[in-house]
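Just so it is clear, A, B, C, D, E and F label the chains in written order, and each chain counts residues from 1 on its own.
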Amino acid sequence: MTETAAPLAASAATEAPDPDALGPVPDGWDVREVEQYLYREARLADENDYDAWEALWTDDAIYWVPGDDLTADPTRNVSIIFDNRSRISTRMKQVKTGKRYAQAPPSNLRRLISNVELLGGRANGDGGVDLEIGANFIVFESRQRGNTIWGGRTTYRLRREGDQIRLAYKKVVLVDHDKVVPTLGFLV
Amino acid sequence: MTSLVPPADVQGTYDQLIRADKVHGSVYTDPQIFGEELRKIWFRTWVFIGHESEIPEPNDYVRKQFATQDVIMTRDREGAVHVLINRCAHRGLQVCDDDKGNSSSFRCPYHGWTYRNSGELLGYPYNKGYGGKGKLDGLGMGQVPRVDSYAGFVFASMAKEGPTLIEHLGSAKGEIDRLVGLSPEGTVQLDAGWLKHKTRSNWKFLAENETDGYHPQFVHGSIFGVTGSPIGALYSDSSTAVTRSLGNGHSENDLRPEFRKFGEPMRWFGTTPERVPEYVGRMNEVYGDDAERRMIEGAPHVMIFPNLFIAEIQVFNIQPNAVGECVQYSTAVQLGGAPELNRRMVSQSIGSVGPAGMLLADDTEMYERNQRGVEMLDPEWLDVRRGLGRESTDENGFTIGAATDETGMRGFWKHYKSLMEA
Amino acid sequence: MTSLVPPADVQGTYDQLIRADKVHGSVYTDPQIFGEELRKIWFRTWVFIGHESEIPEPNDYVRKQFATQDVIMTRDREGAVHVLINRCAHRGLQVCDDDKGNSSSFRCPYHGWTYRNSGELLGYPYNKGYGGKGKLDGLGMGQVPRVDSYAGFVFASMAKEGPTLIEHLGSAKGEIDRLVGLSPEGTVQLDAGWLKHKTRSNWKFLAENETDGYHPQFVHGSIFGVTGSPIGALYSDSSTAVTRSLGNGHSENDLRPEFRKFGEPMRWFGTTPERVPEYVGRMNEVYGDDAERRMIEGAPHVMIFPNLFIAEIQVFNIQPNAVGECVQYSTAVQLGGAPELNRRMVSQSIGSVGPAGMLLADDTEMYERNQRGVEMLDPEWLDVRRGLGRESTDENGFTIGAATDETGMRGFWKHYKSLMEA
Amino acid sequence: MTSLVPPADVQGTYDQLIRADKVHGSVYTDPQIFGEELRKIWFRTWVFIGHESEIPEPNDYVRKQFATQDVIMTRDREGAVHVLINRCAHRGLQVCDDDKGNSSSFRCPYHGWTYRNSGELLGYPYNKGYGGKGKLDGLGMGQVPRVDSYAGFVFASMAKEGPTLIEHLGSAKGEIDRLVGLSPEGTVQLDAGWLKHKTRSNWKFLAENETDGYHPQFVHGSIFGVTGSPIGALYSDSSTAVTRSLGNGHSENDLRPEFRKFGEPMRWFGTTPERVPEYVGRMNEVYGDDAERRMIEGAPHVMIFPNLFIAEIQVFNIQPNAVGECVQYSTAVQLGGAPELNRRMVSQSIGSVGPAGMLLADDTEMYERNQRGVEMLDPEWLDVRRGLGRESTDENGFTIGAATDETGMRGFWKHYKSLMEA
Amino acid sequence: MTETAAPLAASAATEAPDPDALGPVPDGWDVREVEQYLYREARLADENDYDAWEALWTDDAIYWVPGDDLTADPTRNVSIIFDNRSRISTRMKQVKTGKRYAQAPPSNLRRLISNVELLGGRANGDGGVDLEIGANFIVFESRQRGNTIWGGRTTYRLRREGDQIRLAYKKVVLVDHDKVVPTLGFLV
Amino acid sequence: MTETAAPLAASAATEAPDPDALGPVPDGWDVREVEQYLYREARLADENDYDAWEALWTDDAIYWVPGDDLTADPTRNVSIIFDNRSRISTRMKQVKTGKRYAQAPPSNLRRLISNVELLGGRANGDGGVDLEIGANFIVFESRQRGNTIWGGRTTYRLRREGDQIRLAYKKVVLVDHDKVVPTLGFLV
């Protein structure tokens, strides 16, 4: 059964990004540094280090896993995940209870991030320009349900805040996003 | 595996497998029983397929799953809705490979036969090989014999005769009315897309769980706790909500007693009139004095046999793949004339349902553990006696139990047995 | 899934499932029927296994698929060809794990028993445990009881008795002769390797499709269009080519009428004498006046029941894995004494067949959509009536239809039914 | 596949399938026979589950596989060992999801029912729905009716009545005694963890192979050769070791004659007293004059029907998943009071067994090739006659054969047949 | 059925490469630059950008996917793919018709290119030296047939033409090249 | 059957590493160089170049594939593999006989090594500091048993010996290490 998810009504008013607004790659970014950052993000997700993973995000974060229609507006159509910062926080709080059964016991995970490309710059809400990156991934998930191999394409947006690099946007398109998929309980 | 080890003490007749207070585990694991369910339930009774709002325009079509069948829900030139079986009448090829679109006809790629979107054979190339045009009367794509809809919810039945949709819906019809009654325009759309959630579980575990008021506090405690949700309280010992068996296998968790107790409009939606002024305004405009009642009582929580579940602001379409696997298709309710609410319903639904939903992913984990559990041999039975000792009959003659009782399941099994023994 | 839902109106006897103008879908999806096919067709009639040119030298061997069986095609010291079943007579281990090689014997790794490449048990270690040497008469690797070849094409039959290979080939023999007749040396080799294409489809969809002249324009239009190929025209309403049922389930698309019409040598191969002067020279040398006819009429397009398909310059070996899966093995014809042509045939074959072939990958997509389609329940039947109204009998008493007619399929089903009812 | 092609010449009764000198391949491939094995062997006779040393403390538990069943081996407050079936008595959910732990009770996540670690239902939330506390007598997690242990080896039987464990072990009991007799403290622990090796083979290929003295020289020659191991010689024509059928399907390779011949303490372990002085000292201390005999004769090599194999310093627990798949769980023997030896046994076991073991990975390759082999149709039989002509009866009336004979297999099949025909 | 593929008789006379001719890594190549080029080639293939993908190739291109016998001469033995430039062009034209059913509808694809190593220099027909590269890959393919995971080893040869990097040679050896494989309709 | 593996009793006295001893990344290491080294190690393993692969190891090598309990002491509990240098050598000798049936015929293999991170420095027995590296992998294995995809996390320790880089430690944790796994006959 499903209950009215009233308390989950975190406003997802954030607009979907305008795909036409991609500018040149902003200065001061090196593929190597970016790769290492993405590897770290991947490791934190693989190892269920929820606090460290959550800390990567900017306040205007968007964490998006579209469903079958990639052209759909996530504010008007359902997605597998479409979290703003506050919902990311709720998601972390839930799993940390240890009773988020879809992840209790947690999946064993390892993912490969590859084909990392700096795609361009994307104007952000702070008047700055975020670095937009494309990469492909495979996640090997093992849980009692069995082993599942997930694959897809991730678009990241990174931003420098002081001496920190922050994750402003992560859109994960599963290769089989248009198919029936099993429970996706881990951080993809 | 249990199919390898048939229970010693049952002969396998449904009367023995399904009893007043318990159900035998083999009904969830035996491939033979699943095959019989296909014939006697899925391919006979009314099954929810989709919603008219998915194909608003003439010649719109969308592909759907109908149990093990790949079907196309189409709207023809005149606006009539059809459900076609995706198989060519020539050599049986799958005809349509698009998920959706707009077309007055379908063309089979193998030899170019074409079909009207109502299923009739339109033409076949090199017709001399058949003695000319129009020589293949009676050939066409399979058309599901009965298709009907209520409030835009499209149902199909493979049985040429039988109860009408309205007869099948019976009192569940009123629950759909309640939902529609929350729209200032009196309409519902299901056009926000469907999430497709693969579930390694027998479909009945889902159907039974949908109105199981006993599990939320335990399965969903994690999200209720972190969000301070009041939902848990609706499904507790002290709740005034009732579980109702609506007949024909339908059941509901009627939460109105709780909401009436508070008497707060929009509480059912976890919000207040102030936060959705436009909507409240339109409702008062349209429904006057009755608007408040509607906004207090909220949306239904009803499981319509065998596969449509309306969970307040979400709708689920359950379809079986095999004895141990099914698919949950879920979407957000969209109310005509309520843009303010609709966006919130989309956002809440994304948070709650689908493969990563903060509620449904946990239910689904239970479904899958349940399937693994019933592969075990002892105890052989599932217990469904909860509340049997405190049931009563309401003013309409329906059996009702407390918020956490298994009244809905017992209604499900009564109807299931009647169909399987028919 | 259909196996879960047996058709209401057939009893399942082959006479009811296979009719003059239609075939019931369950013959492609029912595992029981597949099991019966193994026993009554695959393990009884003559099945194509491979070609002698794959094992040219004494003691050469190559592993092959024979329906569900893992077999080894060997050439013994004296040059005789054998087909051995890859199972040890001791404890049933798979004996040979190499794909091919040259050896006079095989050794089982488990306990070291050895077998001659004709299957006889050669020795077993520590023979005192059996009372000494030569005490295990009657034990050996399984030898397929009948193995015979024609023009190097090796066929095997699990039936100790029955029609000879020549009797089985009947008139299809002449088609092989036609192919061989295109070699200045009168020989064919199949030594260019085999592509192995996994196909999620019942094997019969392939066998029927091979001489289905109705599909090319539709399925292969994409490649015909971009290459300006004249092939499409051979399979059109206006083509003078005929579809012929050759008996015993064999059938062909006889394209000679079209090629004779043009009377251009090598047109069948999409080239001209100028571009292959060496070959044309050798042909004239060897065959004199008859050479031109041969080069005009070209190679056969024949399906030899149940699993050998000669498609002009390619040869296919079809082997079933299960009711819904089979394998297409394909290679390029290589003609003795025609190096010029052989290279082109390799190149063309790579472009056309196998998992990435610009022709076969599209046929295979159809096979797989066909399998998915027949899992659907309505309509239940496949139509095979095309051309029934315009068939005639040729000078040899064979039924012939137009280029796009289903004459070949009807011949296939007639023979299939006779075997399954035997 | 063979199940699709039932052997022509057998009716399928076990008397026909299992003969004195051969066994029919279908017993390894027929799903029906596997189902019958579950009922008549796995869920009736005594099956090895684990060792008490895995749950040393009160309330310790560990999850185990029991054929197709997910069970929990628990030690209750009082220290008694139970084997619970991991299924909730309410709606059949899998209750426990941890691999091991310490807890006096288990709680089902679905509705919060709790069970004592001996299986009794402890409580259920909102008990008013059942008329209050203690109203669900008779509900509980499934308890395997008979659980008993010998030297800490825990066995379970699903049959409420039948031979006692001691009766079932019969003479195999003495082999366990031999193992324990190598411990200065007279105890064995199996607490070094279990490797879990998935094997695509019928379980009986493993059971038969465990005391097959004919294969080592061939299958393990690679490791014997590079390490200069003397093991091969123990399983050769000239070995004085014997293969003994111990009754009840148990069998052993008795290597003592070989070790007595050399009369070197610790040779069985591939070492010398000098290299394990502490151990030898403790043994002499405890067992005095008898210590040397023990250290010369070494550990047993015994297969205890149907699934416990003690291979000198390793223990295997074999559990079937399906007709063509099983799991090998393996660990190192740990002897009470022998730390010096225990470390070596862990190191040697890692080198020898499990998915990468330099011995077992090769046996497992054979098991899987064996399974593939018996899917082939000819020859239909497996030969088990080896040594039939030179068997004798020992002083205790047991049949013994030479080191490389199939005496153990014949004993296995005799008992197997008696159970399957019961 | 198969038709005589006459129009496909593009001469594939190009010889198979001589494996012994590998020289030192030519100057002026950087692994990073090469990786980015290979990632781009992978992205164009994944996204079915046929024109851009075709434009990568040199005129003497060889695109080769061997079958079971890796020692076989592709001019005398069958391969899964053995395209010269003109056949690559034919292949692209076919798929662009939208009626190449093995790719209509197209597969959803994402691939990971990893373990990129510069292996050496290979003399080419233009008297120059091509850079030879080895890399491993996994392709996650999703279509109605189901999901398929392909894996293998790719040998690339790159050449500088003006300021362009061109692909002269791509040999893809599937890990299971000796097994039965399903339809390979996409650009591997 | 299993025989007493006496000759295999290579002492595995080497202690399990102390997880707390990780120091800063030692000087003189570059991720790019490390990646190329790991790619080479992977290639040698994929191509069954046993001699070259064995030559990579230091004398105090540890090659470890834990079983289900990652906290277990490998000297007191069973592991899937826990080889010291001499057992690595034995393993290589066995497979080179060509009668190590679990690898005869050998598996066809290709693996992807990705997410390479330099994790820190680890004091070694020679008084030096080894470089500790983390990376994720997927191995695509094909043999008659069928195709198997293996995934996991590898921790490597590298050491410079003269102008050579040597492999001192390789710990491979399979994602599904706690599950039943099939024969692992190849070099993972």
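By definition in this document, a contact is a pair of C-beta atoms (placed from the backbone, for glycine too) under 8 Å apart; a residue touches a chain by one contact, two chains touch by 3 or more.
Chain identities (UniProt): A, E, F = Aromatic-ring-hydroxylating dioxygenase subunit beta; B, C, D = Aromatic ring-hydroxylating dioxygenase subunit alpha.
Because the structure is a prediction, the values reported are computed rather than measured.
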Problem set entry | Joint neighbours of chain C and chain B, given as chain labels | D, E
For this session: Report which interface contains more C-beta contacts, comparing A-D against D-F.
Result: D-F
Problem set entry | Interface numbering overlap (same over half, different under half) for chain B and chain D | different
Problem set entry | Centroid comparison with chain F (C-alpha atoms), farthest chain | B
Exercise. Which chain has its C-alpha centre farthest away from the C-alpha centre of chain E?
Worked result: D
Seminar exercise, completed: For the pair chain D and chain E, the C-alpha centroid-to-centroid distance in angstrom is 52
Exercise. Per the centroid of Cα atoms for each chain, what is the distance between chain C and chain E, given in Å?
Worked result: 31
Exercise. At which residue positions does chain A touch at least two other chains?
Worked result: 99, 101, 112, 114, 138, 144, 149, 178-179
Exercise. What are the residue numbers in chain B that touch two or more other chains?
Worked result: 97, 109, 215, 219, 366, 372
Seminar exercise, completed: So the touching chain pairs work out to A-B, A-D, A-E, A-F, B-C, B-D, B-E, C-D, C-E, C-F, D-F, E-F
Seminar exercise, completed: Note: in the complex, chain D contacts chain C through residues 1, 4-5, 25, 28, 214-215, 217-219, 236-237, 366, 369-370, 372-379, 382-383, 385-387, 389-390, 402, 404-405
Exercise. Mind pulling up the chain E residues that touch chain C in the complex?
Worked result: 1-13, 65, 67-69, 72, 74-83, 87, 90-91, 93-95, 97-102, 144-145, 178-185
For this session: Sort out for me which residues of chain F touch chain E in the complex.
Result: 32, 36, 39-40, 42-43, 46, 108-114, 138, 140-142, 147, 149
For this session: Can you check the complex and tell me which residues of chain B touch chain A?
Result: 99, 192-200, 209-213, 215-216, 219-231, 234, 253, 268-271, 298-299, 301, 309, 311-314, 316, 327, 330-332, 342-344, 346-356, 358-366, 368, 372
For this session: Would you pull the chain C residues touching chain F in the complex into a rising list?
Result: 97-98, 109
